[in-house]
Amino acid sequence: MSQNDILLEVEDLRTVFDTSEGAVRAVDGVDVTVRRGECLGVVGESGSGKSVTFSSVMGLVRAPGRIAGGRIRFDGRDLIGLGPRDMRAIRGRDISMTMQDALTALNPALTVGEQLAEMLNAHDEDLPARGGARRRAIREKSVEMLRLVGIPSPDSRLGQYPHEFSGGMRQRIMIAIALAPGPKLLIADEPTTALDVTIQAQVLELISDIRARLGMSVVLITHDLGVVAEHCDRVMVMYAGQVVEEGATVDVIANPRHPYTRGLLASIPRLSMRGQPIRPIEGQVPNLVGLPPQCRFYSRCPERMDSCLQTVAMRPAGPGRRARCIAIAEEAVA
Amino acid sequence: MSLGKLTERLLHLVPVLLGVSVIVFLMMALTPGDPVDIMIGDQSVTPEEEQAMREDLGLDLPVHRQFLVFLGNAVQGDFGTSFYHRRPVFDVIVERLPATIELSLVALVIALMTAIPLGVLAAIRRNSILDKMATVGSLLGVSLPGFWFGILLLMLFAVHLQLLPVSGRIGFDSEIEPITHFLLIDTLLRGRPDAFWDALKHILLPAITLGLPMTAILMRVTRTSMLEVMRQDYIVFAEAKGLRRGRILFRHALKNALIPTVSVAAIETGSLLGGNMIVETVFGWPGLGRLVVESVFLRNYPLVQAAVLFYAVTYVLLNFIADLLYTTLNPRVKL
Amino acid sequence: MVKLKRILFASATALALSLTAAQAAELRVGFTLDAHTLDPANHRNRETETIIRNMYDGLLTRDGEMKVVPEIAEAFVMVSPTVYDFRIREGITFHDGSPLTAEDVRFTLERLTAEGAMGEGQTSPRKSLLGPLQSVEVRDGNTVRITLSEPWPILPAMLPFQEVVSKAFVEKVGTQGLATQVNGTGPFKLVAWRKGDAIIMERFDDYYGGAASIEPVGKACVDRAIFKIIPESASRVAALLSGDVDIINELPPFSVEQVKNNPGTDVMTVNGTRSFFIAMNMEGELFGDAKVRRAAAHAIDKDLIIDRILGGNAARIEGILSPDAFAASTDLPRYEYDPDKARALLAEAGYPDGIDVTMDTVGAYKDIAEAVASLLTKAGIRTRVAVGEGAQMTQKWRTKGGPKSGDMYFTSWGNGSLDPFDIFTPTHRTNDRGNSAGYANPELDRLLDEAAVELDTEKRAALYRKAEQMVNADLPYVYLWVPQDIYGVSKRLKGWRPSADSRINLHDACVD
Amino acid sequence: MTVADIDAGPVAVASGAGQTIFRRNLARFAANRLAMASVAVVFLFVLLAIFAPWIAPHDPNETDLFRRLQPPAWQAGGEWSYLLGCDALGRDILSRIIYGSRISIFIGAAVIFVATTVGIAAGLAAGYFRGWVDVTISRLVDILLSFPYLIFAIGLMAMMGPGLVNIILALAYKEWVIPCRVVRGETLATRELEYVEAARALGASSAHIMAREILPNILSPVIVVSTIRIAHVIILEASLSFLGLGVQPPTASWGSMVADGRAFILGAWWVSTFPGLAILLLVLAINVASQGLRDAFDPRFQE
């Protein structure tokens, strides 16, 4: 794997939220690698830090949150320490994002056309410099984008407000906006959670389809391993602010190495192993304030041992695979 | 919004306006004593005139007929005769309206121009010194008795510093032929910037006094709704789009945050009408508010009655406008 | 702040300089109340009259000594006790340029007195000010004859209150139009009436000059004269101090020192015509007793109140008449302040522990009534002040013979004509319209009736003096004082002085 | 309208474990130091009002023309026994302010008491019975809301004449609408709750359900709204008194004291200034305290 092949590389990212009860370590030493053209699935329960990790990448962490440490390299540039102006130029143009619910992510008071146009206006460098020509070009491009995501008669719908579209249409529009400047990386944060099952599939198809056509990378943040299984090359499982397992999607699903991953798989009907009952993981994600130095899954882990009560690092767990479980090390030794 | 919907909403106002006029009518009808005697007071009146006043007020009819007469006349703008002015009440009120409306509008503009930027700043610099000062300021703003604050302003700026005039709408050197009767507009239409400046100096203190509570309220509303809006996903999404901060604040956030501000402003404009009584009295402003207060003491009941009705109707209409504005600004709400 | 002030000042100066060329002499009066109407025949309001009188002239007027002199009339004669002839001056024009004729005068008087003459069945509220006026006719082209139904010697004293209107103009604009438009013969024309704010007038250049006996005769001195309405007394004073206005009326005694000490302003006073007194309900049990009434008179330290609250600007009275009024007595017995004597009188009347009473008054007199009440209380007449509206008080106290409730009423009566008829009769004659004490003395009634029609001045004065001795002894009222009218004036004002009848005549006033 | 009005819509309060929630909220309120200080100020004013005869250094109506417009103690001509100076009749301003607190607080409390009682009854009836009862009451509420407050009160006072009882009536005639709206909204929400349904199923009478089941659970928002409204009513009373439509002299009322001092403001600033300051202080304290109350008791303001 050449260095040039890597689009995004995050090392030891730490993002904390300062609260009255103490610092919440929402992201605690996370490493991420996204290659050009690939789709990385990021899986975890809510509160696992998966969204915060990528908000950090985009520089969207707001007070009382802050990035406490780590390195973020994107396309050869260090993003941490970048001025707001440079960061703004990267957001949207190079790294784009879609959000869980397009109904809340699209501004209700602005027309769809305006929300598309402002994205193009801010980032598209191929447009004429100014004046009517620019306006016309933006409009043409907007129509083209809406057509790309499959909005019928896009020309007439630019002047409409978000609430005038159906849920699936809105999601498509949000994707159109995110993709309009032709970003290198799309972070799709829970793109399907708010949608019906049938529409979910259409939207995911759309993302995969466009990825293939534009050759961009996609990070698909979801709590649904099933979605990842269908659409992503690699997967990264997060728990309580840490990565617990990563590897090629097929490998991870076929042979999960971390008990949490196994638990996740068991809770999904489609993917659970034949013959085994579907069961959710019991217990709750631990409070992220003042965690003791131990495996964070300890309290919920069906396979916990006394040796889990120490700091557990990521360990290699096969080709291109790593996991954060003390049991792996013992296997390796054995 | 379609014309039909608009008409429908307007029709909803009818029962409210009818109820309002019943109450205004009752205020007078239930006054103890003979209203004509009380109104005449120590004026010298012939029996014929007294009889005419009685007929004017329909006092010889049963109460429900009296109300119908009152309503019928009111709809035609006939509120009887202002005994002291010896002219129709309607005419007397209309003459005083421009001064009151101009004062209210300037107070509104001052309130909006200070409240919105301050509210936005307080929200985006939450918990900063500025935010805390704005909070304290808004608490003071609603706690200050207007009549007292007005007197203090008058003493400071007009009497001690002599920066601003003591009383009236415009200086005599700045006199102009009226066109709209709104002096700030007329002076400009007549090409007299000096007179405009003069009229502005006259209106400043009363408008500030009048607008203060409203400023406080609007600032809080703006701050609260701005904070609320800034938490919304579409702001995060706008940031993720890499838009400039100015565009995010003013186009994305403010447009939504102003929806409650604007509708509250429209409703509060109605409260300005009430404040006029006090402010016009303190500053000798020649508007309807002062006329009403004077009329109360002259027992000029037809005028007081007409003015109360006028204020109530205006208030109802302002609330209606607030509704319309809310609808217009907020594409999600359908009529 | 200082800097800002300087900038403002600089720009104001620049503005003033640029305007100097067009700058005309302008006189501004800071005045308490706006006119109710501009129709001279359609009000009963002193302030309205004061304003109107600068645009309208009357048949007669008063000079600086309050003497009645001809104005629009050239001369007048009493043909008989009930017939007066007025010769109308030639060459007088209305503001619209039309000449004034005797017919206009006749029309004016008829409009004031005939039933329904105001149109729409309305009669002028000023009718009663012209008493027994029966008919008006024009004789020999320029003489107007007024015929009375009974002798009424004060007709000349009452005529300065009536202003002459143009018949043609009234017929053109109607009573409705006359409420806001002016076409008089006075020294000033109406420019604009900004309701509630100001009445702006300019010099009438074809003015005939005014009363021939009052110097200077001629056009008004200033180009423009303005009544600026400033109801708030502190604001009025502030406007004077800042040079915004040149004259203010009703300068509060409290501010006299400040206005005097300010380099550009001064204070002018004139003896007023309004007598203040406390009516005691003689129909009631308490004040039916003359001892109790006398106790009240001795309980009030008039000098103290005049000194402390009125700033010394009032004349003490022991009878109803102002010291300046016709036939005012100077030798009436004085009820001196003596709380012990008051208490003794109460004890004598059977109230050794004092009495509890209520004193009614109106808002404007609240302060001073409170002060009086506290003095009464200290002398054993424990007094509570009740403030009511003027109309309410009138209903309660001026019952014209109807039954009366209440104990005391702190009130006043104006006497612009300074003729006793105008104040003595209404307040003291049995059941008359201002007799709030419920005083009934047939002997006094006879004296007053006789004086009202007595044409011999000396005899008339003697009758009133006798009447004053009588009421001073009976004491239906505690007679208090006649306040001076206090004006604040700018030192740039020349040729103006206040007038005892509260008029503000701007004809002769000049500004530097 | 005060700031409070904007935010004082129906306030939802969790039912069930009411007692402990109430305690927790109270503790939260007690932790707000500014609010507690404001409560102390309000309390101080109430004490002044109750014990005025013992606290006031002088008889508030005792005139002394030799002390006419005597300046406050620290100015030349002042005396320490007349701390804030004297008014135009030589009455002690401090004593009048102390007695004036009686009028402000009494009227404020009386109006709110009457209005809240009526408002609760009307709101409960409207929200519980719905149907024509609700329509009638809600219409009346709409109509009364169509009058600007001060104008409505001025109109009534003009017709009824001044006086203590008349002020309370004039203000309460409109004020009840505000608790009524809150109670109606809460009642509509509460009447569908399980325990109310249960009470109904057990055959409890309407009166019983309203008084025992619904009322206790909607009291918190009513109390919060009422405290905010007291501040507003105090300003309104002062405004009416300022215009001369308030209580009868010589009774000291802050509003009329400011009005009385207006004529003397050019030389005797203290006559108007101190009573105005008293209004400001009391109203500000009530506003701050009630804001604290709302922050503590209203879940929508808890983050």
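Some observations on this one:
In order of appearance the chains are A, B, C and D, and numbering begins at 1 in each one.
Here is the rule we use: a contact is a pair of C-beta atoms (placed from the backbone, for glycine too) under 8 Å apart; a residue touches a chain by one contact, two chains touch by 3 or more.
Note that the structure is predicted; figures quoted are calculated from it, not measured.
Chain pairs C-D and B-D differ in how many C-beta pairs are in contact, and the one with more is B-D.
Ranked by how far their CA centres sit from the centre of subunit D, the chains are topped by A. Here the CA centre of subunit C is 45 Å from the CA centre of subunit D. With centres defined as mean CA coordinates, subunit D is found 24 Å away from subunit B. The mean-CA centres of subunit A and subunit B are about 53 angstrom from one another, to the nearest whole unit.
Taking the mean of the C-alpha atoms as each chain's centre, subunit A and subunit C sit 90 Å apart.
Counting partner chains per residue, subunit C shows two or more touched chains at residues 232, 238, 363, 389, 392. Within subunit B, the positions touching two or more other chains are listed as 159, 281, 297, 299.
Inter-chain contacts, as defined above, occur between A-B, B-C, B-D, C-D. By the touch rule above, subunit D contacts subunit B in their complex via residues 1-3, 5-7, 139-140, 142-144, 146-152, 154-160, 231, 235, 238-239, 242-245, 255, 258-259, 262, 265-266, 269, 272-273, 276, 279-280, 283-284, 287-288, 291.
Subunit B meets subunit A in the complex at residues 232-234, 236-245, 247, 251-252, 255-256, 259, 329-332.
Put simply, subunit A touches subunit B in their complex at residues 58, 60, 84, 88-93, 96-97, 99-101, 104-110, 118-119, 122-123, 161, 163, 174, 177-178. Per the touch definition, subunit C reaches subunit D in the complex via residues 232-234, 237-238, 252, 254-255, 258, 304-305, 308-309, 363, 366-367, 370-371, 374, 385-389, 392.
By the touch criterion stated above, subunit C contacts subunit B in their complex at residues 1, 4-5, 8, 15, 19, 26, 28, 34, 36-37, 39, 42-45, 115-116, 121-123, 125, 127-128, 175-176, 179-180, 192, 194-198, 200, 224, 226, 228-232, 235-236, 238-239, 241-242, 244, 363, 389-392, 394-395, 398.
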